[in-house]
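Here the structure comes first, spelled out in structure tokens, and everything after it is commentary.
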Amino acid sequence: MPNKDYIELGFAKYDLKREKIKGFPEVILALGKSNKQLTEIISKAIKRTKKLLVTKTTAEQYEAIRKAFAGTKIKSKYFETAKLVYIGDLAGKKIGKIAVVCAGTADVPVAEEAGLCAEAFGSRVERLYDVGVAGIHRLLDNVDVFKGCNTVIVVAGMDGALPSVVGGLISVPLIAVPTSVGYGSSFKGLAALLTMLNSCAVGLSVVNIDNGFGAAYQAHLINKLAVGNK
Amino acid sequence: MPNKDYIELGFAKYDLKREKIKGFPEVILALGKSNKQLTEIISKAIKRTKKLLVTKTTAEQYEAIRKAFAGTKIKSKYFETAKLVYIGDLAGKKIGKIAVVCAGTADVPVAEEAGLCAEAFGSRVERLYDVGVAGIHRLLDNVDVFKGCNTVIVVAGMDGALPSVVGGLISVPLIAVPTSVGYGSSFKGLAALLTMLNSCAVGLSVVNIDNGFGAAYQAHLINKLAVGNK
Amino acid sequence: MPNKDYIELGFAKYDLKREKIKGFPEVILALGKSNKQLTEIISKAIKRTKKLLVTKTTAEQYEAIRKAFAGTKIKSKYFETAKLVYIGDLAGKKIGKIAVVCAGTADVPVAEEAGLCAEAFGSRVERLYDVGVAGIHRLLDNVDVFKGCNTVIVVAGMDGALPSVVGGLISVPLIAVPTSVGYGSSFKGLAALLTMLNSCAVGLSVVNIDNGFGAAYQAHLINKLAVGNK
Amino acid sequence: MPNKDYIELGFAKYDLKREKIKGFPEVILALGKSNKQLTEIISKAIKRTKKLLVTKTTAEQYEAIRKAFAGTKIKSKYFETAKLVYIGDLAGKKIGKIAVVCAGTADVPVAEEAGLCAEAFGSRVERLYDVGVAGIHRLLDNVDVFKGCNTVIVVAGMDGALPSVVGGLISVPLIAVPTSVGYGSSFKGLAALLTMLNSCAVGLSVVNIDNGFGAAYQAHLINKLAVGNK
Amino acid sequence: MPNKDYIELGFAKYDLKREKIKGFPEVILALGKSNKQLTEIISKAIKRTKKLLVTKTTAEQYEAIRKAFAGTKIKSKYFETAKLVYIGDLAGKKIGKIAVVCAGTADVPVAEEAGLCAEAFGSRVERLYDVGVAGIHRLLDNVDVFKGCNTVIVVAGMDGALPSVVGGLISVPLIAVPTSVGYGSSFKGLAALLTMLNSCAVGLSVVNIDNGFGAAYQAHLINKLAVGNK
Amino acid sequence: MPNKDYIELGFAKYDLKREKIKGFPEVILALGKSNKQLTEIISKAIKRTKKLLVTKTTAEQYEAIRKAFAGTKIKSKYFETAKLVYIGDLAGKKIGKIAVVCAGTADVPVAEEAGLCAEAFGSRVERLYDVGVAGIHRLLDNVDVFKGCNTVIVVAGMDGALPSVVGGLISVPLIAVPTSVGYGSSFKGLAALLTMLNSCAVGLSVVNIDNGFGAAYQAHLINKLAVGNK
Amino acid sequence: MPNKDYIELGFAKYDLKREKIKGFPEVILALGKSNKQLTEIISKAIKRTKKLLVTKTTAEQYEAIRKAFAGTKIKSKYFETAKLVYIGDLAGKKIGKIAVVCAGTADVPVAEEAGLCAEAFGSRVERLYDVGVAGIHRLLDNVDVFKGCNTVIVVAGMDGALPSVVGGLISVPLIAVPTSVGYGSSFKGLAALLTMLNSCAVGLSVVNIDNGFGAAYQAHLINKLAVGNK
Amino acid sequence: MPNKDYIELGFAKYDLKREKIKGFPEVILALGKSNKQLTEIISKAIKRTKKLLVTKTTAEQYEAIRKAFAGTKIKSKYFETAKLVYIGDLAGKKIGKIAVVCAGTADVPVAEEAGLCAEAFGSRVERLYDVGVAGIHRLLDNVDVFKGCNTVIVVAGMDGALPSVVGGLISVPLIAVPTSVGYGSSFKGLAALLTMLNSCAVGLSVVNIDNGFGAAYQAHLINKLAVGNK
């Protein structure tokens, strides 16, 4: 079965078909994987793809990856804030434009996960951070960021209100990302998630709490469609 | 015990002390009371107070009240949208200023409960309705409503995001009222409640879902303090 | 203030800016509005827009609308399954392609809300119904529906598993709509909502339970971007 | 853009408008911020304001702040129980009166956050601790604390019942703060939060679980209005 | 098997052993039973016991019972507020003393279920209604009701705070009954239930929401032990 | 495409493959289907299968079915308690043995759904009703029902404790069915569901609340395996 | 005010009235108290009472207590499993009888908290551990433990089913204690709590998750009443 | 009482009857047991049984077990991924066939718990890992694993959608195991649990989150029945 659409590793089946369908190799979620599993998947997969993305990677997990490929041709880069690993060549040309906006400084890690993933996929990204609605002039002073965007990613914890306001200002699709930032009745992001699902703004859809990667994927697909790179 | 601080009715003890402490007679919550209980409480209480407020009153309950006092000196008025009953003299002079703002048309019943209660307590009220944040120009075009206010009541269902934005625009205390307006994951107002509790705006506190009355009470106490009518 | 960006009705501010920004007049949510409010908003708004969409409309609400405009030039059409009202001219040219897929027959009302809204916005829609994953050959036999689509709307109640499977088969963005279809531990759509938010498929985002309208809006914006009608 | 209403730091936009509107510089929430971010915000902000408050600060975060400004003119003070940092001149004249009351010893950290914040804002504060309703004589013996108050902050975990009782004894607005104190079905403060939202006492509104800061802000605004310092 | 400890009815097995163990015949919960099932169980059971209690009985269910036994020796009495049916001889001597206290008028139905059940079991009951903690003088003025009690049942909806206060005033066991009275975030009694489970008062245990019957059973067993009627 | 594995109805795709795989034609869930949809599916499907089962059918829905096929060869039978419809020939030989046990009389509808479905599938069923654990002698007196069983279905609402006890007495697989029977903190079956999922008994698995049908399907598959009718 | 009914410590008001009312000095909950607070409360309180109980005490907290009173007359004893501290003379005569029963070995810490507290209060206790209902012969073989009991405490985590079975076997009040033992959908004791609140057994009431102390208090009050030591 | 059906250890009653009824000795859950309790139970139990299984065992707990029996005849083996301990002779003949399938690499620990337990019980097991539905070709390419199976265990976290698809492909009973794998709104496995309980596939029942052991037990009982080893 040499032509199978996945790499068989026993504990994992690295999906080769995903790149054919979606245009980017299967992204690896480090969460819940052992160091040994991670390095084994990466070493097998990189032979078939030229680039890899590893998400939700702890510093300790990255250290294991770094060591495993030290002295080899496999280059990796770790973005600590975003807990993201770039492996191989992710420096290609960027197309279109996605804005990544976040409500507070504590939301930056998720916003960076979104921004860096979108860039890895090949989208051009512009960032606007700490523009929560309680000081709305910060947002209104910076609406230029939305010019020429094909889609906007809005990241917010606590009250999760930012997407509702941004959604009213833009004409393109908005991907809302609740974060687990907050305390007490934020219930680890549940409050922000519910706010976004119940937003009165139109042209808005939501991904899982802290799922910057998922938002980037969706935004990149939209950006690609808009640019015409089908 | 003729000097007791309450009227004993067996199934109820109408609290006379509340007026002494708070400055307004105990307000009657119609929810869960039978027609017979309602009319009995009202007829006993009105002899000791000059005015009464009955909240969460169905049209059917009001009909029973109206009939019970038809032909007597006890005058009542029913506000159907707000499910509120005014009994006796609630037309006194209004002091200070409270703004009552709501996000959508479906929030009007709760906003009206808040506004009419605040007026009954003796506050001057100015209303601004349907200024949800998804079309934020509607709010920004009307910020004059906040001028001279001592407090602002903000009523919103669905995403409950309006208080966070209003809170950033005003210098006085904001009382946020989530409503049960919405569907699906609004979970009958839970989404809006959590949004408000997690608001990044400062000078904001929250009352129960659909509790326009409670917001009005709190706002009136603040308004009264500001006016100096201590 | 004759040039205001909204129509002032006291209990409502019909937002005229939305059409300028999004390309379609503000859609009216009938839920929680009285018959009087509905007809008043419609009669004022239709003078400024050529078309209107009213969602979550009960048969009784539509009857009031129909009566109010009987004998006038304002034409309306009611889609009972989708609880949707078309007012004015919504028959324009359709662009691109959106697939609307649903898991079971009981999900059809939400799928139809999505499909009819998308058509009203101006997108071409193709439908595929009752292809839940428990009999997956029904889906796999019909993957042709996805050909040429710029986006896919997937509607499912109960286990909400369909988007995860469809997401793996397509290269374009997927908008997932959980429905309140089910009983017991479906908790009125919560189960399906959580399934979709936690989907392992990429290029997928989620709207509120039963929010076919919201999915259609998002899908139409994507479709429009893809077609190049910016 | 030298006159912008915020300080641009990339990861943060320190809001200068907040002081103009509310009368106190934007308070910094340390939760979720890195040491580097904290010290950078503080060093930039303190140049434009004369005083700063940092909330939810761990001892380790404060140590980084202390070190960063050691040897400079910027003076800071850490209140470990309250996890609060005073920076600059917060010793100004105190006005009016706020009572801060808590139910149990384990609620003291949140009560102290409230009390110290209110004092930083410029209110005079009087404290009454460990007067939970299960030994109600402790509260009834100390009602003098409420004399002359313009508002009362009541902090309670576990059953969260104290605000309901205090609310019946006072004529001024009450700000209720649920705490995460408790175990089992307290669900980290949810029980106390729900109790307070459903309180039968009037003139009571609620802030987020453990949000002593938020309660203090609201109480200070009320106190300021009452004193007439508008 | 004529000596079995239950009456076999196919759809039910009326438990005869319960009376031997607990001292009172198995109580019948009408909820979820058809009229036919109810009358069949009653007609079979009453032959073996001299008395029966039927709880959570709708007026319509009672009407079926009444009709079924009209003209027979089986006497029944319906307490509409408490939705309770007495069948046969429940007028025996009452022992000891139980106080039944409730917070608001809307809690009376559950309090009456408790009181009437306890009387049916054979306990002497004294009632004190509408003494919620927001007007605490109403409770403090009536503490005489607790004199000589062997146990106290406290019934409260909304904030459910009353048991915490009563628990601090008495030396005997307290049975707390949350009710579904309230709206919004009372979540049909969940708020009151959590309050009671987290009460700081000692000597307090809790039964299900609206379970006046269960509280009465527990209280009667305690009262019986105290009186010495073992 | 005349050989497709399903019948295309537009709003539905009746799955013909299910019978090939599972041995019984696709069962129709009436919940959420219109009368028109129901009768259309049935009339098309019965031509290809000899028998049909319709679950969660209201009396009103059955009436529509009955009328639609009155005078035709299609015979149907309605079991009102179980809300179940038999269509066509379901009277075949029964194999093996399944015991269906329920805790209370109010659980009988779900137990009957389970029992009648299992019989329709072709299993022999023995019933034991109203043997809740609070009077455990009723269960212990009837353990003979388990003799020769290949599997046992245990149905219980309220505390849902019966499966834990039965599971300790039998050697064969147990399928536990929580029901929505109860009030207050039963939260419509959630309490019973959680009890069963956390059961200490081994050889036990759980289906959705009120899902008697699902339990019967699973039990029948097990029974069939045990009898050897593979 | 030397005759106050509490000891004033600023951060605490040790309640002296509780002993007068309930017959045992206020019990100290170590949870959430600092070592300094604990030792200060104990040193002040023990001068006015002859005995003290400290619950939910970590080994580290006890070590601080031990050190603080080393070399003094104040004797303390730590029960590590139960996280309980005895201080002073708790060795008095034991009255009546309480049975403490638990479902599994992992429930023993809570059962021991209950048993040791009840003994400290002055009740005689008999223990029966690991008699979960999945192996019901272990319970049925040991029913002698209930002979002569005035009340029974039943402790169970996971499915929480044991109280329902025990409740059917005994004639005296049962106090049910859910524990946080379990995993997955036990949700830290919520499953067991709901099971117990919905128990079909009569003469049963419930305390908070893991609240062995609370159960012991209630049980001791009942036992004392039964013995006649009023 | 030398013939008792359990071994009395005070804190535990090791159940000997379970082996007689179910065919395998009582399995020991390490969770919540001290090292001392574990080794004491094992040393007593192994004398009466020839084999033992210990589940949810941390590496630290196993180390204590290993040390306790070092140098004795009692042989043990630790499976770290599955947190499972084999003690004594578990190498017997394997019967029938069970397939264990999991959705992602992070689900392997629970899948291994299931597989290794089923093998210990005496079933033959075949594994298929990382076949989540988002890349459904990986599952469809491997359906041979289901050939000859008597039952299938499907393990999945995150969206928990795999059982719904597998259920449609097989004719034998499916045991679904949700795992706590995921983040954000997976709520530690709740999302996957609800998905499975609401699955549209038939012949499917569910066990607790992460309960690989429970699934294995149920599957083994079914496998044993199918093989005829009754």
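Points worth noting:
Letters A, B, C, D, E, F, G and H mark the chains in the order given here, with residues in each chain numbered from 1 onward.
Everything that follows uses one rule, which is that a contact is a pair of C-beta atoms (placed from the backbone, for glycine too) under 8 Å apart; a residue touches a chain by one contact, two chains touch by 3 or more.
Predicted model, so just to flag it, every value in this text is computed and none were measured.
If you compare A-C with C-F, the chain pair joined by more contacting C-beta pairs is A-C.
Distance from subunit A peaks, on a Cα-centroid basis, for E. Within the list A-C, B-D or C-F, B-C finds its counterpart interface, over half of the contact pairs alike by residue number, in C-F. Mean C-alpha position of subunit F lies 27 Å from that of subunit H. Distance from the subunit C centre to the subunit H centre is 45 Å, each centre being the mean of its Cα atoms. In terms of their C-alpha centroids, the spacing between subunit A and subunit H amounts to 35 Å. One simple way to say how far apart two chains are is to compare their mean CA positions; for subunit B and subunit F this gives 50 Å. Annotation for subunit B: residues 18, 104, 135, 168-169, 184-186, 190, 193, 197-198, 202, 208-209 touch two or more other chains.
Chains that are in contact with each other form these pairs: A-B, A-C, A-D, A-H, B-C, B-D, B-E, C-F, C-H, D-E, D-G, E-F, E-G, F-G, F-H, G-H.
Of all residues in subunit F, only 4-6, 9-13, 15, 17-18, 26, 29, 31-33, 37, 41, 56, 178, 180, 188-190, 193, 208-211 touch subunit C in the complex they form. Across the complex, subunit F meets subunit E through its residues 104-106, 108, 129-131, 135, 137-138, 141, 157, 181, 183-186. For subunit B in complex with subunit D, the touching residues are 18, 21-23, 27, 150-151, 168-173, 175, 193, 197-198, 202-209, 214-215, 217-218, 221-222, 225-226, 228, 230. The touching residues of subunit D, when paired with subunit E in their complex, are 103-104, 132-136, 158-161, 164-165, 167-169, 182, 184-187, 190-192, 194-202.
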